[in-house]
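Two complexes, one shared chain (chain A), two partners (chain B, chain C).
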Partner chain A sequence: MFPAPIEKRSDAAQAMYKSFLPIALFLWLAPLIAVAIFSIKPDADFTTGNYWGLPSTFEGAANYGKVFFESDMPRYLWNSVLITVPTVIGAVALSCMTGFALGVYRFKGNLLIFFMFVAGNFVPFQILMVPVRDLTEQIGLYNTKMGLVLFHVAFQTGFCTLFMRNFIRALPFELIEAARVEGIAEWRIFWYVVLPLMKPAIAALSVLIFTFIWNDYFWAVVLTQGPESQPVTAGITSFNAQYRAAFHLMSAGAIVAALPPVAMFFAMQKHFIAGLTLGAVK
Partner chain B sequence: MDNPAIQGLITIIVGVGGCIGYFYFSNQILDKVIFPARGENAGRNINRANMVRPWLFLFPAIFALGLYLGYPVFETLRLSLTDRVPGGYEWAGLSNYSQMFSEPKFWEAIRNNMLWLIIVPAVSTGFGLLAAQLTDRISWGNVAKSLIFMPMAISLVGASVIFKLIYDARPADTAQIGVMNAVWMQFEGGIGSILFLQLLPSLILLCFATFVAYFGYVFLRPMWQRDGGHSAALLPLRILVAVAAVLLVWECASSALGLWTASFPYGEPQQWLTIPFWNSFLLMVVLIWIQTGFAMVILSAALRGIPEETVEAAIVDGANPFQIFFKIKVPQIIGTIVVVWTTITLTVLKVFDIVFAMTNGQWETQVLANYMYDKLFRANDWGVGSASAIIIMLMVMPILVWNVYNVRKEMR
Partner chain C sequence: MSGVTLNKVIKRYGDVQVIHGVDLEIIDGEFCVFVGPSGCGKSTLLRMVAGLEETSEGQINIGPRDVTRLDPSERGVAMVFQTYALYPHMSVEENMGFGLKMTGHPKEEIREKVAQASKILKLDEYLSRKPKALSGGQRQRVAIGRAIVRGPEVFLFDEPLSNLDAELRVEMRVEIARLHQEIGATMIYVTHDQVEAMTLADKIVVLRLGNIEQVGAPLELYRDPDNKFVAGFIGSPAMNFVEGTVSDAGVDVPGLAQTVQAAVSLPSKGSGVSVGLRPEHLLIDPAGDTHTVELTEALGGVSYAYLTAPTGEKLIVEERGDERSVTGAKVGLTFEPHRAYFFDATTEARLR
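Moving on to the complex of A and B:
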């Protein structure tokens, strides 16, 4: 790198720079670190006021065991999985098709529909609340996972289509033309030519949508209630109401609820960032 | 456990199978049955089939969006103009709106939303830019970036739960579990307290005020520069910005002054979230904590894209690091900064989870989205709730129009 590398600056500046970053980083993550430490402390530490010291005994297994075996947490988690995975698959499958149609074909109304998708992307979701709730109630899907999945698929399709369309537009169009010249049916072009090329976009979008849906709270409380069908974001609030004063359990619960998307993020970091960058810089 | 698992699996199979089946069969029917590519009209049929095909691909998405997005928008608009009476609806005109405008809670929500809109995007983008620049050139920069970015993967509710713990308070004679109060109890009114609680915040406020003043000045300058070629269309916007800037500077200055005249209740643990006005800022911290990672990732990609030559040229000309950053780098990524800023602005307009989970709009922290939720589900007043939803929509509208306009411009 051209601007004078940090090694060439004066010692004092270097020391400041090098120590500033870890300190800032530590402060940034302090909330998480605190919660992580809380979650392995025994109950006694909280009654004696030993909040900030090291845990007097390691109770991680007991605390997390309680979360997993003596609360509704596993059910909430499982609900989240059952809501998130079908949504991701549905939204991605749908948007591959629409993205293909908008990116490849030139037809009347193409631009208009594209602008509609752009606009739909910006509609604040609160405005949909009452009608969507009524609609879900009328179809008989209120307080079911299915109702949430259907809505999420429909709502995410707008963003996903934009994403896919822009990605397909950037693909070499000659490939499609060559296939057409060969006389290959359009649906085969989509299936055998375009879809394989879209793998990176599909991966990026899946990771992105997974975190969006997993972290959704608003629709979870609007469309569902109770441990029968609520995902873990809603579950964590009732979990906290149940264990109001038990900080070690609340912390363990918070960590358990946050773990899947965080794990997903670290495992698929490249795709996640690619997705965000592609999605933001339209 | 088995039953829901199988159910979920079936849902997935049916969904995906339905998608593929729809896609395959609709195309087959189009090509083989409706417009077969043989017989005397083969050429015309192929053309026709190709005209219909895009709509086959588009139909499911358009149907879903129409049902769950298009229809609800208009339905909400209708609800906002009606009252629910036993057995149906009654046309109410604008009475819901006038009722809403007369409620102090609504204006409190608007004021707080404005505060959120100014502060969260600005601070998140600023921090993001700073983090992107600082981690750009160190060996463990990528690790640092991942860690800064990590909060983004946590849900807003999860983050709120964590931060609630930080702001928690215990009786005065016991140890404090909340970090804020644990730190607060260290202050006793000595020199350290003056330094950290009065001098430092005043300086930060004054710096911010200076920045706002400078920003306003830059915005207003073209008005008295005859040759600046300013357009009359921008005049209202300029005046608006100027007024906002003056108000902000005034707020900052009076707050800075207030820091010196107020007497702090040292030694008493504070219920931070119940202190009006300042508690809004404590809620904003949560969103800033989450959004900074997003800003950093996008901006660091943009910073990498800057041509090295421009930076080299500036160094050869003897520019210092600050000049390089503000005069060479920032202008080149200003487009990305604007995109990040608008994206975060949109998130802020919709902010609900944080307020709902932490204060539920009590102690003057109400925001529009939570106000709406309150009206709809607690007060059961659908008319006013829908009216406030329409207000949120109106606030998003300029960003929406601006984005569509930009996309169109790019296409030409």
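Moving on to the complex of A and C:
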């Protein structure tokens, strides 16, 4: 077996492993730990320069209370939900259909269309930033949740189609042929035969897309501004006033914002990993 | 119920032609088996009848209807796949009733037909199970049940028993034969296993490289093959072939160490001829010393002796009775001359 399990290596190697692993772990988690500690510090610690020390007083309850009851955070969180959930539904629903069409039917240009879906994923967002912002402005979707949803659906459908098409290709084709011989209409084959078998793919993709979209910062900043439309990732910065930054509240907000995808990950871990590997292997 | 007629049917994939103008008439209620080595086009031909492969040229009729350009759903056929193709997310009952449900049959009727089919196939106790929880043989029975409930004009089987183990295969073979007697519908069955072909068929169609080599009843093909391919393909163990040359007295066959009298019209003197002899028509003569016994397989009632001729050609002889040959022995061969088949060495056609 390669690599050799650590228990079978020399004592020196084992000692190295045991001492360096916690250090690596600490370095890896340092930013997260810092944010977590920041979120329970009093405001005064930042003005007196106590950035990295222990909190002078424990202000966790007060900070989180402020985030929830005295700021726009709940609104931003709700915006995130209103952006993420429709995007997940839209992108997954569309890609089920495109994936079925591209995976099952042989027609001229099938591969070309498929490649266009895939190629879309390789266009860097930064190139699209200005034209997309102008486009949303012109069709009146700038600074609306709807605009963000539509563009997320458009951009995610490429990847989702790749995923779904490959998944459907891997299903036994005889199932579709058997249904055809039985005289079942194509859309019914899609709905009653293929869709139920796609459940694992749908679950995996939903979790994956949920995390992508919830954590999106780029398009949130480019296409929206203000609490009426911005999701929580962009909204956290509203704790920064013009002359000073409220680091403790931003940290508390960041922790709150990170919770849904993290919770999603732990609840649906199996599907999440399935999603990553399904896309990779097939 | 209705028969199936193929008229000069051709299949091309791009420039490659795989079925070369097949003519075939399967009459109503007949059990027709397509048999041939892999790559001979038997499955393609079946799928063309089903409508799953487009027919490039020619015409396919089911009963009086021309179905050449119809969708599979409009042809009135039911198909059983090698991989069963059961819907994994439905129970046995739902699997069997799915086609009827989707085509808008009332619930009562579906339940009745499913119950009827499950009785025929002894699936009653499994109706609520998912395919995953069934054995291979049960899955295949469900697949057959799914075909039965729709009451199709023609049943199509695409190597339905290939995924089963030997014992189950025999059992299912008997079951399919019984089913055909009970239902009496036209059935087309594809297999590469000639035992299935021989035991099930009313009519066997031997295919090679997209052409029909011969059509006929099982024993007709066995006793009266048209060419060397059919002679070698039908029968197990296969027919022995040894090379001979036409002479004044008949055919000189060094591989048999004798000259064979031929009651057929032979080509001109000196031309090559293949002589075919079935293992059960050869007799071992312990007094002779022309052939060496390489190996004997004793199966109980019969033994198969593998012989090497003086020319190096291999022959298989079937032995019955108490005296069996032993490995390494030197023996001779005898046979009744009228049992020998003669084939042209170049065209492989039977000489009659």
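The rule is short, and it goes like this: the second predicted complex is superposed on the first by the 231 of 282 C-alpha atoms of A that agree within 3 Å, B and C clash if a C-alpha of one lies under 4 Å from a C-alpha of the other, contacts with A are read in each partner's own complex, and residues count from 1 in each chain.
To be clear about the criterion, contacts are C-beta pairs under 8 Å (C-beta built on N, C-alpha and C of every residue); 3 or more make two chains touch, one makes a residue touch a chain.
For clarity, every value in this text was computed on a predicted model and none was experimentally measured.
> Applying the touch criterion given at the start, work out whether A:A93 contacts chain B, chain C, both or neither, answering first, second, both or neither.
Touch partner of A:A93: chain B, not chain C.
> Now for A:P42: first (chain B), second (chain C), both, or neither, which partner does it touch?
neither
> Which chain makes contact with more of the residues of chain A, chain B or else chain C?
Counting contacted residues of chain A, the larger count belongs to B.
> By the touch definition at the top of the document, which applies to A:V153: first (chain B), second (chain C), both, or neither?
first
> Between chain B and chain C, whom does A:M264 touch in the aligned arrangement: first, second, both, or neither?
first
> Applying the document's definition of touch, where does A:I184 land relative to chain B and chain C: first, second, both, or neither?
Second partner only.
> A:P196 in the overlay: touching chain B, chain C, both, or neither? Say first, second, both or neither.
second
> After lining up the shared chain so the two structures overlap, which partner does A:A254 touch, if you call chain B first and chain C second: first, second, both or neither?
The answer is first: A:A254 touches chain B but not chain C.
> On the A-aligned overlay, A:G103 touches which partner chain: chain B = first, chain C = second, or both, or neither?
neither
> Once the two structures are superposed, pull the chain A residues common to the chain B and chain C interfaces.
185
> Along chain A, where are the residues that touch chain C in the complex?
172, 174-175, 177-185, 188, 192-193, 196-197
> So in the complex, the part of chain B that touches chain A is made up of which residues?
The contact residues of chain B facing chain A are 1, 4-5, 7-8, 11-12, 15-16, 19-20, 23-24, 27-28, 31, 50-51, 53-58, 60-62, 64-65, 67-73, 75-76, 79, 134-135, 137-138, 144, 146-159, 161-163, 165-166, 174-177, 179, 182, 289, 294, 297-298, 301, 308, 311-312, 315, 321, 324, 336, 339-340, 343, 346, 349-350, 352-353, 356-357, 369, 372-373, 376, 382, 385-386, 389-390, 392-393, 396, 399-400, 403-404, 407-408, 411.
> Of all residues in chain A, which touch chain B in the complex?
Spelled out, the residues of chain A in touch with chain B are 1-6, 21, 25, 28-32, 34-35, 38, 46, 49-52, 78, 81-82, 85-86, 89-90, 93-95, 97-98, 100-102, 105, 107, 110-111, 113-115, 117-120, 122-132, 134-135, 145-146, 149-151, 153-155, 157-158, 161, 185-187, 190, 211, 214-218, 233-234, 236-237, 240, 247, 250-251, 254, 257-258, 261-262, 264-266, 269, 273, 276-277, 280-282.
> Touching chain A in the complex: which residues of chain C?
Where chain C meets chain A, its residues are 50-52, 71-74, 77-79, 81, 83, 85, 87-89, 98-99, 102-103, 146, 150, 156.
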